[in-house]
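Paired with chain B in one complex and with chain C in the other, chain A is shared by the two complexes that follow.
Coming up: the complex of A and B.
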């Protein structure tokens, strides 16, 4: 019998179904399947706007995912477009989003960290909002100080608010009374003295702060602002270094750590550790965003109920840092699609179709988050969402008059400065660098990074 | 005696077999092509792009311009990079030693017969089942200076007077980072070595015992040479993991305190995703990949030499 063994280039036309022929079919399919996405990936990733209306794509980090879905459903019920939601874990959100956008993925709307927002516009990943109807009204509705996070000095509107918060000192009222301290501190010196007194009375770690590398920059600004020190001028120059009071602030900071008034793990501990310490009575003071009061209270430790907020941060000026993250529109959305995306931005970062702050009310109910709009503090639904242990008029006053967003924080180079602050302040606290050296080095870092545009 | 027909038919058969083998080889190559395309697309292409980026200045908007070796010059004159490189070497050496020795210890222990051996063997896989980032979080709590179980245990046994916070100390943080990573890797190492130990014929240790060899001599002259190929593989894997470690350290310290645990992969992360300096980040990746490649090559050479020795003995 003549058996022919076909080579790759000489397939017999009359071949019947055999193992080899089956494999050939599989081969053809196998070649096609991986080739399609690869060829697609090799295609032009440069910006081509998508004008087609339809389902919008939105990327968010995984905070309260069910609530996000409910909000998007509510948006659709009010006549908005359907939204395809993509959630990314909080840890690694920035790199994941950056990779997707750099790879050419079209995302209509996305959460972003405020410090990255300008960089994303400059990179052509996020669009400006100036030409959309109502953009100016949205900004006009905000506390004037808050608007600087969303409108750059050159006039470009780059984002809308996702949420806002202020840094406050939380303290245990009962601890203070029990240890003969009549009133909470009004200056840094008093914070130090009270902490020493509490420490000698047996409170293990009187002062808690989220002093990990990533968050030290927030604390730098909080402590500077509290003493009335301007961190950066209008052009982003680090004028804090020219103010002699900056060194006093840093000396105080170093003493708080080196004199054992904080927990030993304060340089690496997560907020959860500090919340537990407050709830258990191992700490008396806790400096972080205002919404952590709700977390301490709901932890239901033996001391949770005694913790309250000092609405004026200890310091000669008493000013604090206002933080907040943002939502941006993808640069690839055009035409009607961009209008639909803008509608979603307005719903999510301002008011719904009937003029209510429903998204912010929803976040307030879930996590005591705020928004940068004075109108929120007049909205009964919003106010009712906060537990009674928050003094809303005082919180409003902090937002309106005693907080600063530090506009330089959205400069394209600022994220790099944050890394430097983390390294240098931790080294200073550990005694590896002296105060003057640290202040000078930080100013040099800021100038160099700004000059390099990084 | 062989007939003429038979002698002439043999080369023909060999030729036909050869043609068939070649056809099979070609056909096999064709079948492997989809997988090859995937591998090239997902590994080689990004690798090549990274190498190209390392020689360029790349803006986020996608503009690229050639800069030659500038990125590498910048790297090797950057104190932070040199510090990260040194920290990476220290970390990798510690990781390699602890994970390999601990894994070897686990394997030798679990190769012995005792009650509950099956349970102990099952437990060995638990650390390996934890993602790296989870390992970092577990260890962060374990060594916590306020409520950590390690502190509690040491305090209860009277070994310390007060709780310590190793993560707030530069040396302590690096040691904890090494131990955390090595704890997970020791589990995998133990499994590999245990598999190697199972292949030792029972007669060999028995014969050695008859010859009067003690435990150490049996381990030194029988077990260890037998395990050498496995150990070389383990060393290759552990070295590469040691150099590439990111998640555990990030979860533990974010590279701190200060820059005490800032290894190259953290430096790379910062360059790519914070400074968004794609050229410099890619150059760092090339250096890191180069180190892994060279070490891998050296260890593979060692592996083949050890195989040759084993084969020679046999």
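Coming up: the complex of A and C.
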């Protein structure tokens, strides 16, 4: 064996099998493993389309997976293609889906958040639907106000509905009677007065709302629409800032928080907290999507059965926000495969092969979710599937006449605006910014983001 | 005397407050895991479950995602099947964690030793570059990984996670082990060499046993990083490991806090047990090189 003695500053002993090289190799491996993906994967081409019919791939978020699988089985039974389902948790769905599509994965059909739908088409990840047979019929079957979520102002049809919902005020009937309030509020001033009265009577947090940063944008629109304020014009300009009533709405909102009419943790609490507060009688009012009534009712609490819903949101106009998420077709699907994917889209977001709203009936049964189609409210199966404590004609009226999807919400820049709204409104509620300053800043944000297109 | 007592009292009070601050979230999670959902958020706060229940834990084993469904008119249909996937996910997380630790200790052990014992042209730069790679957020390089694994057909496999986790755990492990090897006297290896031991034999028979605390500390840190990693598992697989499965228990429509709490307790147990088993090595491993 060849042994050399160490010299200063190093230990250069080398053995016959060149173990120095072995160790250097290990060192190199340690250095290069982190770099491998960077070296291998830059600039992957994503332009090819897949025209081959076969098993479709679908990506959805993890909500009611058993129902999704049943629906896909039903689709196959009706002559549709088999579908390979990939589920991603709601938390992180957007970034995960975007990474997969950007990374060149071919996904034929995917759930998406409505606010991201235009961006996905513009990025070349989702396709338009105008050329598919029946696309116009699908839109014509919707409530006119709802169609604006799926057809852009330039005429492109970008998505079909996954589900829809409206914001409503839920309230505890028994609480109101017990504290001498004869009727639920019809204006925001009455909401404030009733909450004051309830608070004095010992209700800890009379008003509940999901006022976290991510959801404040929905509430901004809900409160503006309730007082008849147009948030954005047809071109997406923030005209709410020009309406003097906007400041009244904001003052009311700030007072609701600063006068202690909500829980102290309302800016961070998740809906589960508010549902419990309603079920336990710690809150009397709860503003959120209509389907939360089902969750309050099925949460075992002493007050769960006393909670009902106000179908006209308190405000001078009584209009509310109609929300909903969407399903899109992957841009990589072509030829017959695209036709098969479109068939799945129609089944999943409209009617099945025999003309029934079977998907929406399934969602109604599972979670009291709605779809934006008047026909649903005439469909006996759908109505039977919906929980009986909902007044369906009133809910239909809210959809048809007293709600707005605010088409600007699908603009490519809107997601960034939502983030700004969260920051600015929370600052206002906390007293870190005054009302006028907040309104002006929001309008500036919207203009700047729209101009930048992001 | 009085001042000394007062000082002690203040120290203990501060320590007690610190303990409450650290342990209360854990206590709340344990408490919630034995409650029905209707008891969560009740005012005044329940410091002990009114009607303690094992239903949340049983649900984990039976895969029942809605153990408290009332079945009333419009009764809740579970919004997730994540509970049913939790136990298999724990198994896969263990597999991935152990594989990442094993590969890290082999590669980082050799690389750390090389950095410690060899000086070559550019070794300092290489070492600094390695440390600098820790500054790059892992999320920033997930896309190249995704593309590479798509081409290799490795998406939705444990191997994809093992390879990618190695990329961001190796620098940490190399740094820790290099520091530890620096504290091992070279004279021991020199003596062994004089007695005829080869370089590899020195490493395996002399250095490795002495460096056991460092290897265990590095292995444990690597395991914890692999165990709790969320985003790569979310993007590269269909929720194969624990973090995305647990995340699947949350959504807007239903937030089953009590089931989530029980699931969290399950997922906390393996790393805590491992940490307890090896705790005596951890401090020694991490403190290596602090005293000459």
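The definition used in the following text is that the second predicted complex is superposed on the first by the 410 of 454 C-alpha atoms of A that agree within 3 Å, B and C clash if a C-alpha of one lies under 4 Å from a C-alpha of the other, contacts with A are read in each partner's own complex, and residues count from 1 in each chain.
The rule is short, and it goes like this: a residue touches a chain if its C-beta (ideal position, glycine included) is under 8 Å from a C-beta of that chain, and two chains touch if they have at least 3 such contacts.
This is a predicted model, so every value here is computed, not measured.
After overlaying the two complexes on the shared chain, residue contacts for A:419 are found with chain B alone; chain C is out of touch. By the touch criterion defined above, A:389 lies against chain C but remains apart from chain B after alignment on the C-alpha atoms of chain A.
Measured by the number of chain A residues touched, the leading partner among chain B and chain C is C. Once chain A of one complex is fitted onto chain A of the other, the partner contacts of A:264 are limited to chain B, with no touch recorded for chain C.
In the superposition on chain A, contact is made by A:273 with both chain B and chain C.
By the document's definition of touching, both partners, chain B and chain C, reach A:91. Within the superposed three-chain model, A:282 lies in touch with chain B and with chain C [touch as defined at top]. Residue contacts after overlaying the shared chain place A:102 against chain B and chain C alike. When the two structures are aligned on the shared chain, A:430 is found in touch with chain B, with no touch to chain C. Looking at the shared chain after the overlay, A:63 reaches chain C, while chain B stays out of its contact range. Shared contact residues on chain A (touching chain B in one structure, chain C in the other): 6, 20, 23, 26-27, 30-31, 33-34, 38, 41, 91, 95, 102, 204, 270, 273, 276-277, 282.
Per the touch definition, chain B reaches chain A in the complex via residues 19-20, 22-23, 26-27, 30-31, 33-34, 37-38, 41, 59-62, 133, 140, 144-147, 163-165, 167-170, 173, 252-259, 262, 269-270, 272-277.
On the chain A side of its complex with chain C, the touching residues are 1, 3, 6, 9-15, 17, 19-20, 22-24, 26-27, 29-31, 33-34, 36-38, 40-42, 44, 61-67, 86-92, 95-96, 99-100, 102-105, 204, 270-273, 276-277, 279-280, 282, 291, 294-295, 297-301, 365-368, 386-389.
Note for the complex: chain A touches chain B at residues 5-8, 20, 23, 26-27, 30-31, 33-35, 38, 41, 45-46, 91, 94-95, 98, 102, 119, 122-125, 204-205, 212-214, 263-270, 273, 276-277, 282, 415-416, 418-419, 422-423, 426-427, 429-430, 432, 454. Put simply, chain C touches chain A in their complex at residues 36-38, 40-43, 68-70, 72-82, 106-115, 117-120, 126, 129-130, 133, 139, 141-148, 150-151, 155, 163-164, 166-168, 170-171, 174, 186, 189-190, 193-194, 196, 198-200, 230-231, 234-235, 238-239, 244-245, 247-248, 250-255, 257.
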